[in-house]
Structures are given as structure tokens and as C-alpha cells.
Amino acid sequence: MKGASAITVEDFNALIREELPFAWEQGFRVERLVAGEATVRLPVDQAHLRPGGTVSGPAMMGLADYTMYALVLSRIGRVKMAVTTNLNANFLRLPAPRDLIAEGRLLKLGKRLAYGEVTIFSQGEDDPVCHVTSTYSLPPRGD
Amino acid sequence: MKGASAITVEDFNALIREELPFAWEQGFRVERLVAGEATVRLPVDQAHLRPGGTVSGPAMMGLADYTMYALVLSRIGRVKMAVTTNLNANFLRLPAPRDLIAEGRLLKLGKRLAYGEVTIFSQGEDDPVCHVTSTYSLPPRGD
Amino acid sequence: MKGASAITVEDFNALIREELPFAWEQGFRVERLVAGEATVRLPVDQAHLRPGGTVSGPAMMGLADYTMYALVLSRIGRVKMAVTTNLNANFLRLPAPRDLIAEGRLLKLGKRLAYGEVTIFSQGEDDPVCHVTSTYSLPPRGD
Amino acid sequence: MKGASAITVEDFNALIREELPFAWEQGFRVERLVAGEATVRLPVDQAHLRPGGTVSGPAMMGLADYTMYALVLSRIGRVKMAVTTNLNANFLRLPAPRDLIAEGRLLKLGKRLAYGEVTIFSQGEDDPVCHVTSTYSLPPRGD
């Protein structure tokens, strides 16, 4: 599925700032975007930390959802109406109080549904803290 | 599974304020708590709204996770170390820009795992906007 | 969602025998079918039993899938092309070596997707042995 | 996670034949087993085919469950009491009427839970037909 993304990182960021400002304010930042693959960072600060210094589950689910949206747009370009229909998160380890790195990969892009997986790591560690699969429903398009 | 909750709403709220202040600030409020069942409200304001006036997916997943935590504590009392291992959210309809009401029900309380479901409604509507299943891992206890 | 089913039990059985004979041979039998709700029995014999006398996980997943198909057809009538896109099974207790009873309920019927839940019991017991959620993709139709 | 498997393919096969004969009769065959990774084949014959010549969903879920069991035993050795607690299957494409190849990978091995993913392909094709995530509950052990 590799190849140039159908949307640039700059255009994706601009879309988020305009259309989903609350997501932009969460701090998610796309670091890499090719067709069907994305890397997204969540800079972790106090607002995302639970007691004991770990990142909250909802923050990780938000990061995964954001990454899936980038994955979908990397294949079909700027589409506002793609919506999440399923997000299944498995929490594997308590994350360290460091930035989270999400690695996403699209496994299917159909006419009506897109499906992918997102693996989340604490920066600098090998074992994932969270593994997410997700389905998006796509608006009708010309293909 | 019905019967008196193993934790009162007041004690649950106090636990959240002390231990999970960021969750308290999200505005989730337990309205009903019996053993194995809970109703939780998310008063919806601008911060939770997406463009078009609907509530964001991560806000609904946070509400479901909060409801599951209340369900678990309704059976085993004040336990800080219960952690989410799985949260599977299915988004069924776009929510209205109104308060969300989560109705939770525990389907299993084992020695090591608890499992339940949470159905989320826009206030005053019959058809659910989101359906969540979730598993919590429980700390060793005396039973 | 209650009301008369869009397909009778007899027509559903005939459809399965003709189109999905391997499912018919599993022994699944619809016992109740109204619009959006179904009860399906799996008579348990030696072929479904694991050592220790419990029913195998795949047999329960097959029962849940069959129940979802009945739920979908209870609302839209005889449609061959509905296909499962997701089936999420949570195994809660080891089933007894007795018939399994699946209680299904449709939570959404959209234009393109149907979503429901199936709770499976060992006959005569109150606590479920398995809880399944599932999504079907629907063929384009005239409504 | 790579390294020698804690159980040989021969010992795994022997365990299945003795303890889970109905699974052995399904025809699943482990082709590769290292610590935390497995390849399992389902030779497809008429019994697994749906009308139109594709493999049934329950057959794919059975294959995924079998692969997860091999993954778990590849790390902890011969343990009869590991049980599936969750299996989440996403059906991505209709499989061809050819053998199915399952590629499994363990993402977590904890004291009480193991979690992994299984990607299923029609032999000779690049795009997966099914993607499964699954959790096993492990018996207490000495580590």
C-alpha cells in the first residue's frame, strides 16, 4: 500500500485546525504519512497523566482515532465525512510518563469501509502499550 | 446482580476527585448505582462538540470507561488498582448536541476479570448512539 | 423494534437448508423470531464438546453468527448477500455440557450496516457463558 | 520476541490430537513456530466452503483461535488450561476457494493474560481476508 499520501501533512494539519479544533488542541502531531501508513506523536504533559504518572486510556484512544483518520485520508484525500464506526482498544502495559508514538497501518480500503490497526508505544520502548483496531465508514465517492 | 452498591455515589465521587481529577473535570456524573448497574450522565457543552453539533467519539469512550469503573466498584468496593484491559466501542448514530446518558450493566465479575456493557443515549431518545463492551483486570482480593 | 419478523421461521430455515447447508448441519435452530429479536438453540452433542465436557469456542461463535443473520433477516427479509464484517466474542464462563440458548437483539439497522448483540446461555442458567457483538454489511436496497 | 519455541511442532500436534481431537479433525496444521510467532495452514476442502466458493467465517475464527493457542504455547510450553477470553474477528475480503494461511504474532505475554493478532490470507495473495485479535487467560505459573 506504500506510495505518496493523498494528503500532505501540512494539509492534514490545516484540515484538523479548521474542522476539528478540539482534536488539534489535544496536541496530536502527524510525523510521517505515506499511503496507508502513519506515525503520530502525542506529546505527554500533565493533562494526560493519571496518578502514578501514566497516560490515561481515553487519551490513547483519542490518539488511535486521530491516527486512523490520517490513515484514511492518506488514501482518499481530504474527506470530511469519514466517521468512526468501531474502535477496539486493548491496553497491554502501563505507559511511561513520556511521549506516545502511534504507528498506524491500513489493512483494507473498500468502497464503504476502511479498516486498520494502530500500535502505540511509549517513546524509546519496544513493547507496545496499546493495540487498537478500527473501522471507518466512508462517504460515497466516484471510484 | 441487583442489590445495594458496594460503594455509595458520594464515596465514588470523592474517590474520583482525589484520585482521577482529570476524569472529574470531564464532568461525568453518576446518577444511579446499584450492584452491577449504573447510570452516568455527561453534561454536554461546547468542549465536547464536533462540528455539526455532535459529541466526539473520544468523549463517548471516556464516558463508557468511567461507567465501567463505577460498575466494577459497585460490586467490589473502593479499589484503586482495577485497570481497563479492553474497550470496544461501536458508534451507531451521530449523537444530538444534548447530554449523554450511559446505562451500564456488569455481565461477569470473576476473580481476575470483570466484563460489562455500556449503552449510550442522547437524552430523551430511544435509539442508542454508541454501544461499548469492556473488560477490567482486577487486583488480587481476599475472596 | 418489536413487531412481526420480515421472514418466517419456516422461510428462514428453508433459506439456510438451500443456501448454507453446512450451517444447517451444525444443528442451529431458530426458536423465536420477531422484528429485531431472535432466540436460537444449539443442541449440544459430542461433536461440539471439548475435553471436560464444555462447548468449544468456535461452536459458540458460529451460533452467534447464525443468530445475527436471523436478526438481520427479521428486519429486511430474505437477503442472501448480507455478510459479517465483525464478530467480537467474549467468553465469560465455561459452558455446561447442555444445549446452548442464544438471545439476540438488533441495536442498529442502517442503510449499509446492521449491528447487534447476542448473549449465550447454558440452558437453565442465569449467567451468560458468552457475549458477542457483531456488524453485518448490507447490500444496497430500495429504501 | 523471537527465539526457539517452548514447544515443538510435533509436541503441539500430539497435544492437539490427544486433548482437542475435534480441532485436529478440522485440519489445521502448524507450519512454523518460533517464540511468539506462528504460521498455520487450513487446507480448504468442500466442508469449509460457502456457496460461491468462499470459506465460512466460523472456519476462519476457528483457525485464528488455533493459531493463538499455538502462539501462547510457543512461549509458555505445554499448558492445557489456557482459555480464550476474547476473540475479535474483522472480515475484510471474501476468501478464494484455496488454502488459508494464518500468520500470528504475540503482542503481550503477561502473568495472567496473553494478547496477540492473527492475519489470515488466501494462499498466494497479498491482501488479508481476515484480521483477528485475541486474548487468552493463563493459569497461575511459577514465574
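We just call them A, B, C and D in the order they show up, numbering each chain from 1.
To be clear about the criterion, a residue touches a chain if its C-beta (ideal position, glycine included) is under 8 Å from a C-beta of that chain, and two chains touch if they have at least 3 such contacts.
What you see is a predicted model; the values in this text were computed from it and never measured.
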By mean C-alpha coordinates, which chain is most distant from subunit C?
-> A
Sort out for me whether A-B or B-D is joined by the greater number of C-beta contact pairs.
-> A-B
Chain-centre distance (mean CA atoms) for subunit B and subunit D, in whole Å, is 33
Rounded Å distance between subunit B and subunit C, as computed from the means of their C-alpha atoms = 28
Length of the line joining the C-alpha centres of subunit A and subunit B, rounded to whole Å = 24
Where subunit B touches two or more other chains, by residue | 85-86, 88, 90, 135
How about subunit B: which of its residues touch subunit D in the complex?
-> 85-86, 88, 112-113, 135, 137
Partner subunit B, residues of subunit C touching it in the complex = 88, 90, 92-93, 107-108, 115, 117, 119, 127-128, 131, 133, 135
Per the touch rule, the subunit D residues reaching subunit C in their complex are 19-20, 22-23, 47-51, 56-58, 61-62, 65, 83-91, 94
